[in-house]
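Step one of this worksheet: look at the structure below.
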Amino acid sequence: MFSLTVCDHIMIAHSFRGEEFGPAQKLHGATFAVEAEFRAPKLDHAQLLVDIGLAKTELRRVLDTLDYSNLDEKPVFSGINTTTEYVAFHIHGLLAAACRDGRMGDGGRAVSGLKVLVRESPNAWAAYEGPVA
Amino acid sequence: MFSLTVCDHIMIAHSFRGEEFGPAQKLHGATFAVEAEFRAPKLDHAQLLVDIGLAKTELRRVLDTLDYSNLDEKPVFSGINTTTEYVAFHIHGLLAAACRDGRMGDGGRAVSGLKVLVRESPNAWAAYEGPVA
Amino acid sequence: MFSLTVCDHIMIAHSFRGEEFGPAQKLHGATFAVEAEFRAPKLDHAQLLVDIGLAKTELRRVLDTLDYSNLDEKPVFSGINTTTEYVAFHIHGLLAAACRDGRMGDGGRAVSGLKVLVRESPNAWAAYEGPVA
Amino acid sequence: MFSLTVCDHIMIAHSFRGEEFGPAQKLHGATFAVEAEFRAPKLDHAQLLVDIGLAKTELRRVLDTLDYSNLDEKPVFSGINTTTEYVAFHIHGLLAAACRDGRMGDGGRAVSGLKVLVRESPNAWAAYEGPVA
Amino acid sequence: MFSLTVCDHIMIAHSFRGEEFGPAQKLHGATFAVEAEFRAPKLDHAQLLVDIGLAKTELRRVLDTLDYSNLDEKPVFSGINTTTEYVAFHIHGLLAAACRDGRMGDGGRAVSGLKVLVRESPNAWAAYEGPVA
Amino acid sequence: MFSLTVCDHIMIAHSFRGEEFGPAQKLHGATFAVEAEFRAPKLDHAQLLVDIGLAKTELRRVLDTLDYSNLDEKPVFSGINTTTEYVAFHIHGLLAAACRDGRMGDGGRAVSGLKVLVRESPNAWAAYEGPVA
C-alpha cells in the first residue's frame, strides 16, 4: 500500500459542553496541525499517488472553511463538541468528497483510504481513518 | 476508525544481556518518549473517544511504575531484556488493563485497540499494538 | 553562559484589531507552545542553573493565568493585541517576577537573562528576551 | 504486532517528466529523511525484533546506492519519475531483500511487514508498506 | 529584544568543488528548510514586530528565486560553493534588502537584526545573522 | 556571524546527590540529544565554516567517551552531579579543545564561539556557550 501525506494548519476558537471537559468548557482555542494521508494500492503512469499540488490546494480549501473562526458559531457543528477527534472526522468527510468529486484528478478518484490526523498540542493528537468511497 | 494519542516520557537506567547488544551490555540509560494511541470505531455522545484528562492521568500512573529507576532491578523484568520493543509491550499491557478495569471511564471500556510507541532517540523507536480485551 | 529551558503549552481564544490582521480580526484561537529559557553565567554547588522542578511548576502557574481562556476578556490585555510577540513579552514579565521573588529558589535569583519563545504553528513563532532584574 | 523503526537520510538531485509536475520538471533536489519500520508478530529470545545495529547498517547500505547522486542518471530509474512515493517503494524492495537474504540475521528473516516512509519536506511525505516475503 | 520567525522551504540541486567535500562533489540536492528570524527592540502600536503575512510573502518571494533549480547554474553563485552556510548568508542579504526597501512595511524598516537558519537534514543546519541596515 | 550545527546522541545512566533532586536521586538514565553549534565571523575560501564531516566525526569521538556508560562511575565526574547543564559544559570543553588542537582543520581553528545544547526530554534541555580559545 502506498500513501502520500500533506500538512497544513488552522487556528480556531471553540468551547465544549459537558462536565467531563472541565476548564475546556470555557471559550478557548487551538492551533490544529492537520496531516492528510491519502492511500492507494498503486501509483499512476507518472509514479504519482495523487498530484501533491492538488492535494495541498484541496486541503487548504477544506481548512479555509474552518480557519480563523469560532467553531461554536458554525451551523455544521450545532449541538456537537468539536473535539480533536471530531474535527479530524469532519475534515475527513470533506477531503473524501473532494477525492470522489474529481477535484484531485484521476489520482484522487483512485484513492482507497484516507487518514486525517489533527495535532492539538505537542503531546496530544487525534485521527480518523476510513474509506473514501 | 478513530484514534486519540497522548504522550509523556520516562528516564530509566538498564543494561542488556547477550553479545548481540555490544556496548549496550553495559549499564546505560534512556529517555523513553511514550505515545499511547487509543482506537475505537466510534465516539461517545460528547464526541469523545476517551476523556483526554483520564488518558493522560493513566499514562502517567503507568509510567510512574518505571520512571527514575533501574529496570534491571525490577522483578517484573527478571530474566528479560528491556529493549524498547519490550518496554512498549509492557506499557501496553498496563494501559490495556486500565481500559478494561474502568479506570478510563466508559470511553476506556469502548477502546478496541491500543498502540504504544516508545522513542529511544531521535532516530529509533519501537511499538506494540494489539487489542485491549 | 549556561541556559536551561522548560516547555509547556496553553490553548486560548482571541481576536485582533486592525486591518493589517485580515481574517485574524475574527475571533479565533491558538495553541501556544511556550519555551522558557533561563540563563546564568554559572551553576550552583549542585551543578544546577535552576531547579527544573521549580521551573516547570512556575511556568505552569504562570500559564494557568491564560490557559483555556479568551484573552480578549482579560483586563490585563485591555486595548492590546495579544500577538504572539506580545504574549511572549507578557509571560516573560511574570516569569521574571517569579525569579526575583524567590519562587524559584536561589537559582532563580541568580538568573541573569530570560528568553520566552512562543510557537503559534509549525511555521511561525515569536520570542522576547531580556534581563530578569 | 511489534514494530521497530530506524531512520537515516539521503541528499539527491532529480527532475520529473510530465506537465503535472510544473516547476519540478526542472532539475532540483531533495533531502529524503527515511524511516524504515520493521514489523513482526513476536520478539526473539532476547526480546529483540531485529538487531537495531544491523537494521541501521542495512538501511545505510541501501541508502548509499542513492545518496549524493542525480537519480535521473541511475539506470534503475530509467523512464521512471522518482517521486517520493516511488523512492519509498524502491527502498522497500532493497530492504525487504536484505531481510530475506539473511543480512539482518534471524530477526530479519522473521520480519513479516515493512513500511518505508520518506519525508521530502516538513509538510509532505510518502510511504510504501508491504510484506517482506 | 523581540523576535518573530517564519519558515518555508526549497528543494534544490547543486554540487561542490574541492576535495574536502568528498562524495558531495557529485551533483546531488537538498531540501532546505528556512527559518527567518526578524528582531527588533520594540513592537509597533498594534503589538506587531513585522506583519507576519508580509514576512511570509517576502520569504516566499526570496525563496522562489532558488526553488526547483540547480544552484550550479545560477550566475549569482558563479565560482561559489552553495554550502548551507552560504545559502543562509545569501537569503539573509535578500531578506535584509526587503526590510530596507519597505517591502515589509514600517515594521520591516524597524527590524534591527535578522537571522536566517537553513536546515539541510534532521541533524545538520547552518545560519547567518547580522544587521539589516 | 555564521554558525554550523551538527547533532548526535548518547544513552547514559546516572544519579544525583541532593534532596532537591527528589526521585532523580535514584539511579536512572537519559538519552541526551546533543547539538553542537560552531560559530565564526566568516567562511573559508570554499564557503565552509568547518568541514561538516570532521565536525560530525569529532562530536562522535567526544560522545563516545560517555555513550553507553554510567556517568556515576566516571572519575572525571567525581563529586559532580551530571545535570544536563553540566553535561553540556563538559562536552563543550572537549569540543573546544578539538577545535584548538587542529582536529577540525583550519576551520576549527577559526571557530570563535561554540554552543553545546543537550536535550534530555521533549520538554527540557540545557546549553553552555562560550569561546573556544
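Letters A, B, C, D, E and F mark the chains in the order given here, with residues in each chain numbered from 1 onward.
Operating definition for what follows: a residue touches a chain if its C-beta (ideal position, glycine included) is under 8 Å from a C-beta of that chain, and two chains touch if they have at least 3 such contacts.
Since this is a predicted model, take the numbers as computed values, not measurements.
Asks: Taking a step as a move to a touching chain, how many steps at least join subunit A to subunit E?
Replies: Contact-graph shortest path, subunit A to subunit E, evaluates to 2.
Asks: Measuring between Cα centroids, what's the chain most distant from subunit E?
Replies: The chain lying farthest from subunit E is B.
Asks: Could you figure out which pair among E-F, B-F or D-E mirrors the A-B interface, over half of its contact pairs being identical by residue number?
Replies: Equivalent chain pair to A-B in E-F, B-F or D-E: E-F.
Asks: Note whether the interface between subunit E and subunit F is symmetric in residue numbering, meaning over half of all numbers used appear on both sides, and answer same or different.
Replies: different
Asks: Between subunit C and subunit E, what is the gap in Å from one C-alpha centre to the other?
Replies: 27
Asks: Just the number, please: Cα centre separation of subunit A and subunit C in whole Å.
Replies: That gives a centre separation of 30 Å.
Asks: Scan subunit B for residues touching two or more other chains and write them down.
Replies: Within subunit B, the residues that touch at least two other chains are 7, 122-123.
Asks: In the complex of these two chains, what residues of subunit F are touching subunit E?
Replies: The contact residues of subunit F facing subunit E are 1-8, 43, 46-49, 51-53, 56.
Asks: Per the contact definition, I'd like the list of subunit D residues that touch subunit E in the complex.
Replies: 7, 9, 11-14, 23-24, 26-31, 33, 67-70, 120-122
Asks: Could you list, by residue number, the parts of subunit B that touch subunit D in their complex?
Replies: 16-18, 20-22, 80-86, 88-89, 122-130
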